[in-house]
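For reference, the structure discussed in these notes is given below.
Going in written order, the chains are labelled A, B, C, D, E and F, and every chain counts its residues from 1.
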């Protein structure tokens, strides 16, 4: 069996990172991951939400949204439904949680970084592209804080990388595109740090269940993908040492 | 090391199911799981959402909410913030996805079942209590449809059961209460069907990461818990055969 | 003519108060009044709304809501309509006004008590159950403030009790259940203090009007019901003296 | 003791009705009641809300709102708070209920009449002015339906009139202005039909309670006021016979 | 060709200003402009929005709304759609911008003036009536500040006057009523100060385009109208000198 | 005096059109206009809004939004304020009105085209970029309808082009960048069709007024800019004939 786009089962789609994609954000990239394209803008603000005030610690959060025509048919904007899209709510909570997994909040100090992930084209894997690209934007913003002398050292403790795996027509595959995702029996998102540990794992049996053996197979593929992706992140960050 | 409430690491909190907790819902239970208490009401309606109309299939969805004083300090109601609580959004999507994992939508026919999970007291594990209890409410509602002759057979293909596991102070434990959950290094929710397969797996490193070995250990505890819980569900449903 | 449930015209439905129904609220009861069931949770907070700040006085307010399936058919949650239910708005204003009728705001000091009335099952009389039960929750919360030494004396000046009366098929009856309420020509809610005075009176001719003679007859029934209910409140509060 | 504006205790403020105040509404009046001024516009639409469809009956409803500067200090518009004012919600439900008390829905047929009560200046008694004036607008709209041949006869069964009474500094008084209302011990709104019956009665002890004797005294004053007001309504409607 | 209402092409509709239309606003007028009627209430508040705080300058803003039945068919209130009407949003921004064009914010000091323009009847030209009438209300409020000694001099630098012009059936006309506006090929709003300068110019080709010659013709008519209107404003303000 | 970026007073910033910027929209371009960047996506849908149904005509509308970090400081998303940004409301109404000026709705038939203008970087002139670029996206979508045989001919009657002019430090200049816009005495947006006629004209005196001579000077500059821009549009559309 060959995949929809002729990739090997353990092969990522082509990935391209464009740094400084917009000019105002403290960290800004465009990540193109196959046909999925996400603008990741990290904004530094010298304040923290009220629940963090006075504690000497910083905060990192994420927002995720799609342009109305990022998809095959047009979606109404949230504001016209007066309701944050529930899927986007779930995704941006995942992005924020994942990125915070790498941040030393004390080292960041009482400032906030918001990572806006705006999907301009969606072809599967927008959440993993948002985390993987959002980390680069976050790292660039932190690097800027160090370069401007606002921080003595990088407040990041590890790389954060995300990839999807799944079972399609009975086979475990890495990095599902939209067609594969729609047909998948199992869909799993894996978020890892450079310390080879899991930050978050979310697997869903879309049509039926999955066994522990299948889980092991998917994790194996996932780790391979994470390694490839982390190399791409390091290249984009020119080998930036985190600590 | 002993646990906060002296349980064994693989021991569930005491669980009590009260059937027919309210009188109008087609399926209604109160699940008391330690100090966590959730009312699960399943409502049958003879219509489906517009995206399912005309296809001859049914739909199952869930809603999750907490009473304002289900927790140690009072939370404002969603309507006063004009915004669905984001955590609740994430949870109710998980409950709905998990329950749909057991439903034969063709067998259900063009009708909807909404499972309302209203937490009246929260002490950790509200999402697993909602899924585990919500399944019983769903099954009772389906049983009613069969008994009233509206369905020829049960439209459920398996039991759906959920439990939390985690790593607290370095040890893997089953079924975290609120204090354990707050202190956990890793928190994982496991949803399984009676076919021993995983429906959904969500693990999060709250303070740091987790390794594949720790994952295996948690899954082992989780399966044990799932078996105990499924027995409780079956007792509540008086051994109801699904197919 | 006999009533729907064979009660005498001046007979209340069976009423049961369960104290400490939830564990976190400063005052918590479940009131079961026939088939109507309301959780009343009183929350004490050490702050007041901005319009009361700095005046040395406290504030008491109420919120009222129904679970989606408290009724025979399911109601959508407010948050999905982005609009507080207008009937609930009217009712919670009545509950708050009634309870404030018994509070010495100076004695309470600059703190707030919010009484959440959440209807889990509705069979007529939810507003009178909320006031009558809400008063008990409020009194328990105040008692706790005295016991913890935060207040020198109870800040309540009287009991507050509510009951419905009405005219059904030409006869005055006490405490209407849902079927009676739906068929009533006149529906009246009476809220009284232990000083035998009226706190609030709301009568509505649902199908036609009512005369002053009918009003007198309903008030007579209502006073009888109030006396019976106040005894139930006092028993639940173990004879708590207010001043 | 003399009243704030030197009126007798049973004396109404001067009342003026301007018919055809706006040119598009099917029934339109300005009611000036002392310094309280309310525009009442009745709109006829040839459709009914979904819950009335197909039953051959009509529907009458009311909306109530204040201009931002109808009061001594400016109030924000509802839309900027994204929330219908709770007091206005309560009032418009009362207006709608009261007016429906006089409507023969079968005779009206499947059409709706919406009575918009917009307060341009508020000096106490806006709800009684809205009901009393709103009835005139409603009657004018119905008269138009008869004149245009859309209805064979007036679909109203009685006049509907509203007035406030209260106890101020220990004395029962009719028709409270803002200063009296603010200082009142008891505040009561009385809505009556021409058949001398009560449509709705709402009394509130603002500072303490009221006795049955005080109630009788207030009702007596109220009936006197209702008679005077009904004469004003009849004059405005040029003696229009309802049936 | 004669106009819909037999006016000359350069003739305004009859205009009437009623001062002190409501009693609480610091500046209040009713402007009747043909059949268009707008209540303009200016409210002075001793505070400024947060973006102006601490700068020693004031702020002037406007709000615009229509009563539901200001028009031939009834419009739902904004609050029921949970959305500010987009046309009203555009108009109130124009009114605010135009009025601010005449205000010396330093001279006003750190206080705000909100000009509420509530249309009670609409027959074309509601935005120009709102600006022209709103200016009078604003001037009256400022005059009050001077008279009460809160300001040493008027904080207004010029009169602000607005009028519409357009091309209807090929002819340039001044001050379009609703029927003309609906049929117009071009519609233009002209806002000018007494210094003969333009404050704002908004022209729209509704059905096709307009040439620079047509623009010149319309501006010529507009200036004539502005002069007539400014005289009406000055009369209403009794020749009030601005500086 | 030289301009902020050394341009001549009648010189446009460099403009670049990237066609097929996203892959799903029926017409999609990125317009880069100096540092202003807007994605314009035109979506064709085979339905019309309810107010156009059954009339055999089509509809064209526009939506305008900025990414949170399109600007120097981050703006909250509309959905978090539950309110469409008022400035964006005004702008998207202008874009829609302008584009409709070129559409033959009968020729389009009962289908809708929505032009989404999403600003990813803002440096002045986002509304003129949205109209100028939005027209190209609209034309590409229409061209596709013709190519797919759904339309017999192009439903556009002319090109639509927009440019800003203004007065900065006393001099009339074409195409203001953000710094110029912030400092401008007068700001004007000119929208024209290829027939040399004006579609819309919006001029605002930001600090003071402007005279008819200044208006003429600005219009002269504007026409020059429109000609240059229309050439860029024609190049992008490869000389597409409209009729």
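Definition applied: a contact is a pair of C-beta atoms (placed from the backbone, for glycine too) under 8 Å apart; a residue touches a chain by one contact, two chains touch by 3 or more.
Treat the numbers as computed from the prediction; the structure is a model and nothing was measured.
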Check your understanding: Which chains are shared contacts of chain B and chain C?
Key -> none
Practice item. Using the touch definition from the top, list the chains contacting both chain C and chain E. Key: D
Review point. How short can a chain-to-chain path be from chain D to chain F, counted in steps between touching chains?
Key: 2
Point to revise | Interface copy of B-C among E-F, C-D or D-E, judged by whether over half of the contact pairs recur | key: D-E
Study note, to complete from the structure: If CA atoms of chain C are superposed on chain D, the rotation in degrees (nearest 5) amounts to 180
**Study point:** For chain A paired with chain F, centre-to-centre distance based on mean C-alpha positions, whole Å
**Key:** 33
Check your understanding: Which integer distance in Å separates the CA centroid of chain B from that of chain F?
Key -> 51
**Study point:** Two or more partner chains touched - positions in chain C
**Key:** 82-84
Check your understanding: So if I start at chain A and go to chain F next, what's the full loop of chains?
Key -> A, F, E, D, C, B
Check your understanding: Where on chain A does chain F make contact in their complex?
Key -> 22-25, 28, 35, 37, 39, 41, 43, 45, 63, 65, 67-72, 74, 77-79, 82-84, 114, 116, 118, 120-121
Check your understanding: Which positions of chain F touch chain E when the two form their complex?
Key -> 82-84, 86-87, 89-90, 93, 97, 101, 188, 192-193, 195-205, 208-212, 215, 219
